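Both of the next two complexes hold chain A, though its partner changes from chain B to chain C.
Then we have the complex of A and B:
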């Protein structure tokens, strides 16, 4: 399926690298997307008819800080960013069948990514989105838009990176009913809380350490205040339980008020404090909570854990790495394959 | 999809009960099988044209020890078992599109269930099988038979009961490559080993206790000697890694030689002994092994844990209940739904 890729951050680069490897090894799998256009914040590069982009050259250029529109070695045509909504127009006119949205997630400014999704779906393009912000702020509207335009909208990479959290939830929801989900899905807060527990640091000390190591961003509010967890829970609630809610309607509390003392008291009772996201039939909440030490939610570092509570099956727990460019790229490939398969089945009769 | 159900043990009865509930609530989901024939060891009951079987009456009769061919209150026609291969002929002539094989798993006598699968596929019927024995002894041949007859063969309920272990593995195998699987998938041995560790019992004492409580069968060899675990690993290896092997070609050791002393020594090193099944590209092995205390494979009682080792994603762990009639019945429903969907897509163009 011909695809437009938006975003050349760690996920976009990992995806392009993976596809370049497949291109080189000649092992074309059905459903593997063919990247015909790449968009970053400063411009775009478009393949010329009949000629593929040189994906390795593109990654090499980005690694040296060259924006895609200047990466001449990759072949194709460079287009500089310009004018309002330029990227939306470019997507709509790309002549590709699939948008892969892997641009920066910014909960305060979801409009750019939202514009990309709308432009693509209005043009009849399927969408694979690993950008949480538009989904978490407008999931109900986006699902309607996809249905109205009869296109597929997939977003597995938004939760658990490559660990198939959404696919697992969808499986469980079929033969059984999922009543609730509890999850630890943010690596930054998990690192900070672990440092507070094991090294006896205060929140401030642990946060500073995380920033020094690059585990927390300069503005850590998205992670520390619980918004990243909230976005993921909203997406999980919609996909697995059919609960249509948004981040704005969720109860969200971060970990900045967690003290060393609370941590020590919890430990004395065989518990530990984690930032836990919960999804139920009445919506989503996020906040620090005591969980059993060595229990399913007591995971280390960047490992995510998700517990599904089901009517018949009881508790089912999935855990695995929750972050990483290559990990998220594998989720994009699975989603793209699903969309290609579904599109193929639709066309089967013609 | 019209279906023939073989087996009215705990799984068969749970399935029929679940379907009766759906029938009564009128909430027909697309892809829900319609049971038109039921087979147990002593006979069969066949629905009459245009009339459904009364599934609740059937379960009520079985609960009182009445074989299905005598359960007149369920409606339809009773047929007593008779003659060699009677059940195979009955399946082939059932006029149904789906066989649900939920008969007793007997690794020493897989021929009966095998005959059912062969008869169904040769007649163009799809198959949902929760009977491990035929799959574990002849998986390569059965997969070929399904492909040759262009029918679907699904068996999710064979591993992890309702916990979607196979579906998870298949997901992982798509965007990534699964290199190995380690798993604790047998509740009986898990109970015995836990008693040995926590109550300081010998293997013999713990086994006797398990038998008294009904956790172990009078002939416990299938569980205790590792064969149940081996069957599940063979099925996992085939479905997730494309490794076609059989129980006969696997290295299998049980837990009868595990001593209290070994258990205590492991504990002193922060380890615990579990019966671990392993699948790799070179086949399957089963045996007692030390795993980390509180690690992913240190699960309690009847909880199963499966760790998939992937190239890109690293370790992904799934855990949940690994046994139970209702749990396994949800897996059957998911499989039947998948088959109905695939059959519908095939027919889309006609």
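Then we have the complex of A and C:
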């Protein structure tokens, strides 16, 4: 499937690298997207008819800080950003069949990514989205647009990166009924809380350490205030339990008020404090909570753990790495392959 | 409170009325309410614009310039008085360019018709914005997105609600009012569409649902819904409170209620709707809410609406006995001919099915039924129907009230009242809903029958 890729950050670059490797090793699988256009914050690069983009040259250029529209070595045509909604127009006119949205998750301004998704679906393109913001603020609207335009919308990379959390939840919901979900899905807060527990650091010290190591952003509020976890839980709740909600309607508390003392007290009782996201039929809540030491939610660092509470099967837990560019890129490839398969079956059926 | 107010065509017909409407909205703002105003086109303008589009499409220059002149002078007069020429003049210019384009192409599509008609609301919205001294936008600007069904577009409800929330919330939470044009929206590609049935009321309820309004006020030239048409029953009273289901049912039978489609978003999100009059703004009007009164014998009948200018078509034939498929064939034939069956009756013997349609649709209905059932010589419907009878000049009368649900004897009381008034009932609706009892009488006796039912249930003042 011919694809447009928005975002050449850690995820976009990892995806392009993976695709270049597949190309070189001849390990082409059916359903592997063919990137015909790439977009970053400064512009875009479009493949010329009949000629592929040089993916390795693209990654090399980005690694040196060259925006894609100036990465001439990659071939194709460079287009500089310009005018309002330029990226939407570019997507709509790209002539590709698939949008891969890997732009920045910006909860305060979800409109940019939302605009990309709308433009793509209105032009009949399928969408793979790893950007949580539009999904967490407008899931019902996006599902409606996908159904109306008869296109596929996949977003498995939004929760758990490469670990197939949504897929497992959806499988469980098929034969059984998922009543509730509890999860630890944010690596930054998990690192900070672990440092507080094991190294006896205060919240401030642990946060500074995380920032030094690059585990936390300069503006860490999205993670430490619980918004990232809330977005993931909203997406999970919608996809697995059919619960229509948004981040705005969720109860969200971060970890900045967790103290060393509280941590030590919990430890004395065989517990530990984690930032736990909960989804139930009545919506989503996020906040620090005590969980059993060595229990299913007591995971370390960037490992995510998700516990599904089912009517018949009881508790089912999935854990695995929940972040990383290459990990997330595998989710994109998985989603793209699914969409290609579904589109193929659709055509065959008619 | 958060209020969406919709002003109908008569409430914005001319500078004085626009000023008055703006005053009502601004009064609510001054009282501390958050207000979104929705406006229709000035009274009669939508019809003029439809004529204008037709004239352009058919190349009738004389008609085109006559109608354009009429639309122009009506708006210029109002705009001049309001000091809104800077807003209105460019719009009139664009309208002229558009119809000239249609004239040049010589073809009117559903899409270009919508583009023309939309100017009615664009113009009134611009003037209301000036009168209120606030922002004005069209339905598309507010975020309403529809499918591509020009002339009768369906909103994509989730994306519309999402976008409306994003666009309007920041304005109204800041305490500023905003004016939005009713009736018009756009498809996903930004091409203008119109909402068709329900029109501006529908816009108001979509906006109300999106921003979770406390109330939606539908301003018009009547105080609200009545227990009966006051021309038929002088002692008819204003209904102060009814529920959504009753409002829908009353609308089906001719009361000046809102279109069911327009009530839907309000009912689904439990947002109260108030119908009230700009001429009598101290009257709170009729409140439509989801309060239920099922089984409330005291309110078994709340209202007795009447639909006039009706006709009944009866298909009959001994061959119909024991052939249930005929009824389905009747409905299919009518639906395909886009005929609206207001009432359906089947005789006990099953040897006849009657449908009541408006006189305006009678010829279409008769033709459709003849084609599908009478003039067929092969297939399952051959030789089943042997006769087709028409009775004209009827009225459908309905006794409406949610309280009748589960209360025995209501139908008997209705029919006894009509009989005692000396009015003959021509047909009784079959399988009507749980909140209405409908029947047909000769139109000449209609008012008498309505008055009798009205009296029997003590609905008068």
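The rule is simple: the second predicted complex is superposed on the first by the 348 of 350 C-alpha atoms of A that agree within 3 Å, B and C clash if a C-alpha of one lies under 4 Å from a C-alpha of the other, contacts with A are read in each partner's own complex, and residues count from 1 in each chain.
By our rule, a contact is a pair of C-beta atoms (placed from the backbone, for glycine too) under 8 Å apart; a residue touches a chain by one contact, two chains touch by 3 or more.
If you're wondering where the values come from, they're calculated on a predicted model, not measured in any experiment.
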A:162 touches, of chain B and chain C: first, second, both or neither? first
Touching partner for A:143 - first (chain B), second (chain C), both, neither: second
Partner chain in contact with A:202 - chain B first, chain C second, else both or neither: neither
Which of chain B and chain C A:111 touches, first, second, both or neither: second
First (chain B), second (chain C), both or neither touched by A:17: neither
Broader residue contact with chain A after superposition on the shared chain, chain B or chain C: B
Which superposed partner A:122 touches (first chain B, second chain C, both, neither): second
Residue numbers on chain A that touch chain C, as the complex places them: 111, 118, 121-122, 137-138, 140-145, 148-149
Residues of chain B touching chain A in the complex: 162-164, 167-168, 171-172, 174-176, 294, 296, 312-321, 326-327, 329-334, 337, 345-346, 348-350
Complex contacts: residues of chain C adjacent to chain A: 147, 156-159, 161-163, 166, 188-189
